[in-house]
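Consider the two complexes below, in which subunit A is the common component and subunit B and subunit C are the respective partners.
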Partner chain A sequence: MTGVEPYMFSNLGTLLLLAGIGFTARVVRRNRLWREAATSLWRRRRLALCVLGVYFAIALLDSVAWKGGVPVDAVGVLPNAPYSIVDRIFLGTVEASYSAPFASVEFYGGSSLRNPGTHPLGTDIIGRDVLYMALKGARVALLIGGLTSLIAIPLALLFGVGAGYFGGRFDDFVFFLISTLASMPGFLLLIALIMAMGRGTLSVCVALGVTSWVGFCRLSRAETLKLRELDYVRAARVLGVSEPGIIFRHILPNLAHLIVITFVLMFSGLVLSEAVLSWLGIGVDGSWGQMIDGARDELSREPIVWWNIAAAGTALFTLILSVNAVGDAVRDVLDPRTQGDAP
Partner chain B sequence: MGAYVLRRLGYGVGVMMGVLFLLFVMFFAVTDPDDIARKALGEKVPPAVIEQWKTNHGYDRPLWPWQDLDDNLLFDHYRRMLTFDFGLSDADDSPIIERIREGMGPSLSLTVPLLVLGLLVSIPLSLLVAFFRETYIDRMGVFLCVLAMSVSTLLYIIGAQFLIGKMLRWFPISGFDSDLMLLPRFLALPLLVGIVSGIGSDVRFYRTAFIEESSRDFVRTARAKGASEVRIMTRHVLRNALIPILTQVVLAIPFLFTGSLLLESFFGIPGLGGVMVDAIQSNDFSTLRTMVFIGSLLFVIGQIATDLSYGLVDPRVRFK
Partner chain C sequence: MSPLLEIRDLRTAFPGARVGRGRGEPVHVVDGISFDLDRGEVLALVGESGSGKSITALSALRLVPKPGRVVAGEVRLDGKNLLELSVGEMRRIRGKRIAMIFQEPMTALNPVLRVGDQVVEAIQLHETVARADARARTRALFAEVGIPDPEERLDAYPHQLSGGLKQRVMIAMALSTRPELLIADEPTTALDVTMQAQILRLLRDLQRERRMAILLITHDLGIVNELADRIAVMYAGRLVELASRSDLLTNPLHPYARGLLAAIPALATPGTRLHEIPGVVPSASRWPTGCRFAPRCSERFEPCTVQDPVETTRPNGRRVYCHAVAEGRR
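Entry: the complex of A and B
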């Protein structure tokens, strides 16, 4: 088998991500301020950080995929498709129809299951394991939040820092662009962008990115305006440090805490928006939003099929709650303005 | 003051021009009229039918001014939007303006009570939380807010419909009636869901505003002269904190007209949110375009109104 396939990008992306995390960890460990912030964050939100770690681990296990080594005779298993570690755990446990959690017979029809007792959260209408789908959603959710931030934050920094530092015509242009984008009803703009670009993970992330960079752009512009008048920046200019040198050495490091705060606070909003997009039929495949949307009508069955929506809802809620809790703590730890404010 | 108003209006017009240009790029340059026609009519239609459809909708011209200065889609798009001549829906050829006019009433009958009731619930609650700041009640309140914020609106809606509508049978699951006697029964559930889903972020925002005000000098002065805590909270803190709250409320008013996407379509209210959902599901680009335009226009007007009303509420603000 030759040729580049999507799963290879996923593997490569995982590798890059781990390398990036290792590098960040090194920087944090070397710098006293960041190290203290990290310890303080860990002391305040131990549980929430652990939960996020579990989500992240599941997403990583689902991102590394390879071919081969699968039982060929199992139901619904394609021998030549790449499977991730999470896929391999649940491989071949597809049923014919609904089963309740831990059931040994099918929900409708009453015939016994192929894999009785192996579906701790039951199965959905076409017999897929609910736990499996809920676990798969972790990667999608983290991808939506992460990829979108990767688009939105650099975009906001580019325009915000540029406008704040250079001022003049470019500042006028950026300010006009920001006011224009901010005047369009956010959710409608988001939908319109996805409709115009077509559906798919990347276009959803780009659309979410385009609609969510404005706030941080405004913030970084205002902050840069303040920073460039500070004495040490002026001193650097007098000493003949080049413009890029000033921006990368003296401006950006002073925006780092805002980048971290924005990233964490933005994350939950992005994942929640995707849930609504899924309901409109323009979301990302395999997300919890799609699971909730698909399971919505099942509540009106008799007997009620509730485990579907409960699993997706709990997974989504737990992630968002942890991110929100960590986000508040991150803001308290890093933002000098809220130092010493309520927990 | 007069010069300021004029400048502010001028900037508003400029922003609307920018909005219209972005809309043009999204809906004509990225998805060109042939795409729209094919999505509306189907993939396998003879070219003649597509040309006929484009003529009916006014899409049968070159896109950009440099292709044809007198007759191009860009100028036509500006002219039609600015004269409120929105044309026909791409999906079913009905006039868009009619659907907007029909949808406005039901939308407002949901969103106006939602805004008013939401304020009536969240302002007293946040005042209470701010009153007990840095105690257990405050910490509990903030925690509950974060909890409430972490639930997807989809789940609130589905949960309420299932629990209150289906199991308890208190209110109809969905529906709408223009009869004023029957309307409250249908609106009860969407209103409840709307208030509960917004309460977390609202209470937190207002709490911050209240706490910020209560560390001001005039509050300390009031306390020093012996005013009771309750009097300080209502007379000094509440009245001053109303300025940021007012900004929020005024900026929310434009969106009352465009309705609520989720609530309307889940609860079967024939408003503008429902029009939007229909437009998305049937690839109705012209309706989508019109709705974004109207939403932006109302927002820009609202923003100008907020800026000007600051001067009326807050005597410290001077226009330059």
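Entry: the complex of A and C
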């Protein structure tokens, strides 16, 4: 065995994620208000939630990788590389060139395929299975949406709640930061950040996170300003609760519904932003955005190679549609302005 | 023995409005208030809205909303000046020795926490007790403040309780650490009349049982009659009269106190016009010179609009700030 390798971190991350989800589920189940919200959400958006579940399952199957157990003689297989479950299903299906969906001969040239009739969505210019690439994109998309939110939301809460609660100098500083960011063209800043940090999943996520926290920061600041003056916060102060105690016990839990709503609504925007970045050539490897970018020129071929872009576009579209549908429902369920009680 | 709470010449000011580049004169919302509160005594602080009664109480807790601050005076609890304590020391006094209940029970409980947990946390904040013990104490407190099915209510969320129950939870929370002084800021204003009566009776019983002092802030003289031992009438940031309940309610000396009493609807005969005090409370940024009530007073004479009224002390500790009383006109 060699030392620690990147795929091990990925496996560990997956494990932590599953533990986190288990923990969240436990919390939701034990708190009556959250449980009711979850049930109501399930009743409203069964289909969209199932679709998201499928995407998530695919991403999970693609996140756990190990070495060995691969047919070494197959085309394009590296004997000593880690392969995930999704990888293993499509191992050795590489063709020499384009195949149309379910075709038995190559799309250009007409010579017979290595695996005739086994590419439900065809292959791309270098013969990779399109279905395989589309499935691989799920993990990248969820990673971008999730990781970026994990960067942007805490950042927004730190500045927003801090500014709203403490006011004064810190508030001025945060507003200076916000207006500075707002006075720069967002996309140029994003591109500049990625260029400065170098390409890669993490730097794209950091760049997206740094440029997308402003909106939620304003929202959480305003909400904190409101909560700070409410009687139960004043009552806590009269009881002698310390400042951190008030923030963590009385302010943040009452922002929880906003955090959930923001997370869901932010998610789809982030995945789309990545597609745009990929189209500009600075996205994350293996994303749908990159597939779409790669398929751009192939639309001008004769006969047209359409399945490539169609697969990536459909996968992206379905994910965004489901997330947005769930997001709307989350807002309906949790937002006190559209419902009687805040959770 | 010194009284439990001594307030001496307390002045709380808010910075004035922006005038050009600078700021105007600071606005003294509380302007030289002094009174004592003994152990087990109920003192009512009575006055119209804007007279500074809530700010007086918040000043004693050092919780005046920003940017206001206490600019002068002393607040002594057991002889120790609270205004000189460190932030940490003050925090240990809040909730432990001085507790407060608020006007609005609807919003005074955190909506995302179970009410039992909120009381348990209040106990654990000031005492090292096991969670189970704190919970048992909370259950006993709930029973004491008259919450039916206390065991069940411990796990309820605030929105599942009625206004009266919430106010009882608030009282339980305030009493959980056995404070010596309870500040009740219009404790029944948001409740309906029958609930008001119940809560007042509860407060009175608890106060007697625990020998707890209460600083009752209200504009409702009916409540004062239920609870208070002594009454301090405030007007425009100053005390105008401080007397025992019976003295003040039967024989008010200060014209403003008389006006207030005359304005109680229950005492008026049907068909007659309700008495009112002409004019409105002046704004804190433009207190009149001399006696602040003078512009609305039917008995004012020469010194009233020029000189601050002098204190007249009667043998039983009654204090009146009025030129007319000082000169023996009344």
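To be clear about the criterion, the second predicted complex is superposed on the first by the 339 of 343 C-alpha atoms of A that agree within 3 Å, B and C clash if a C-alpha of one lies under 4 Å from a C-alpha of the other, contacts with A are read in each partner's own complex, and residues count from 1 in each chain.
We adopt the following convention: a contact is a pair of C-beta atoms (placed from the backbone, for glycine too) under 8 Å apart; a residue touches a chain by one contact, two chains touch by 3 or more.
Please read all numbers here as calculations on a predicted model, not as lab measurements.
Visitor: So in the superposed three-chain picture, is A:231 touching just subunit B, just subunit C, both, or none of them (first/second/both/neither)?
Guide: second
Visitor: Could you say whether A:38 touches subunit B, subunit C, both of them, or neither, answering first, second, both or neither?
Guide: neither
Visitor: Applying the document's definition of touch, where does A:100 land relative to subunit B and subunit C: first, second, both, or neither?
Guide: In the superposition, A:100 touches no partner, neither subunit B nor subunit C.
Visitor: Can A:187 be said to touch subunit B (first), subunit C (second), both, or neither?
Guide: Once the two structures are laid over each other on A, A:187 reaches subunit B alone.
Visitor: Could you say whether A:250 touches subunit B, subunit C, both of them, or neither, answering first, second, both or neither?
Guide: After superposition on chain A, A:250 lies in contact with subunit C alone.
Visitor: A:196 in the overlay: touching subunit B, subunit C, both, or neither? Say first, second, both or neither.
Guide: A:196 sits against subunit B, while subunit C stays out of touch.
Visitor: Give one of first, second, both or neither to describe whether A:125 is in contact with subunit B, with subunit C, with both, or with none.
Guide: Neither partner.
Visitor: Under the stated touch criterion, name the partner, subunit B or subunit C, that contacts more residues in subunit A.
Guide: B
Visitor: Between subunit B and subunit C, which residues of subunit A are contacted by each of them?
Guide: 342-343
Visitor: Help me check something: in the complex, which residues belonging to subunit A touch subunit C?
Guide: 32-33, 167, 230-232, 234-242, 245, 249-250, 253-254, 256, 341-343
Visitor: Tell me, which parts of subunit C touch subunit A in their complex?
Guide: Residues 61, 63, 66, 91-96, 99-100, 102-104, 107-113, 121-122, 125-126, 157, 159, 170, 173 of subunit C touch subunit A in their complex.
Visitor: Of all residues in subunit A, which touch subunit B in the complex?
Guide: Its residues touching subunit B are 176-177, 179-181, 183-185, 187-189, 191-193, 195-197, 268, 272, 275-276, 279-282, 289, 292-293, 296, 299-300, 309, 313, 316-317, 320-321, 324-325, 328, 342-343.
Visitor: Using the touch definition from the top, list the residues of subunit B that touch subunit A in their complex.
Guide: 11, 14-16, 18-19, 22-23, 26-27, 30-31, 133-134, 138-139, 142, 146-147, 149-155, 158, 162, 166, 255, 258, 261-262, 276-277, 280-281, 283, 285, 288-289, 291-292, 295-296, 299-300, 303
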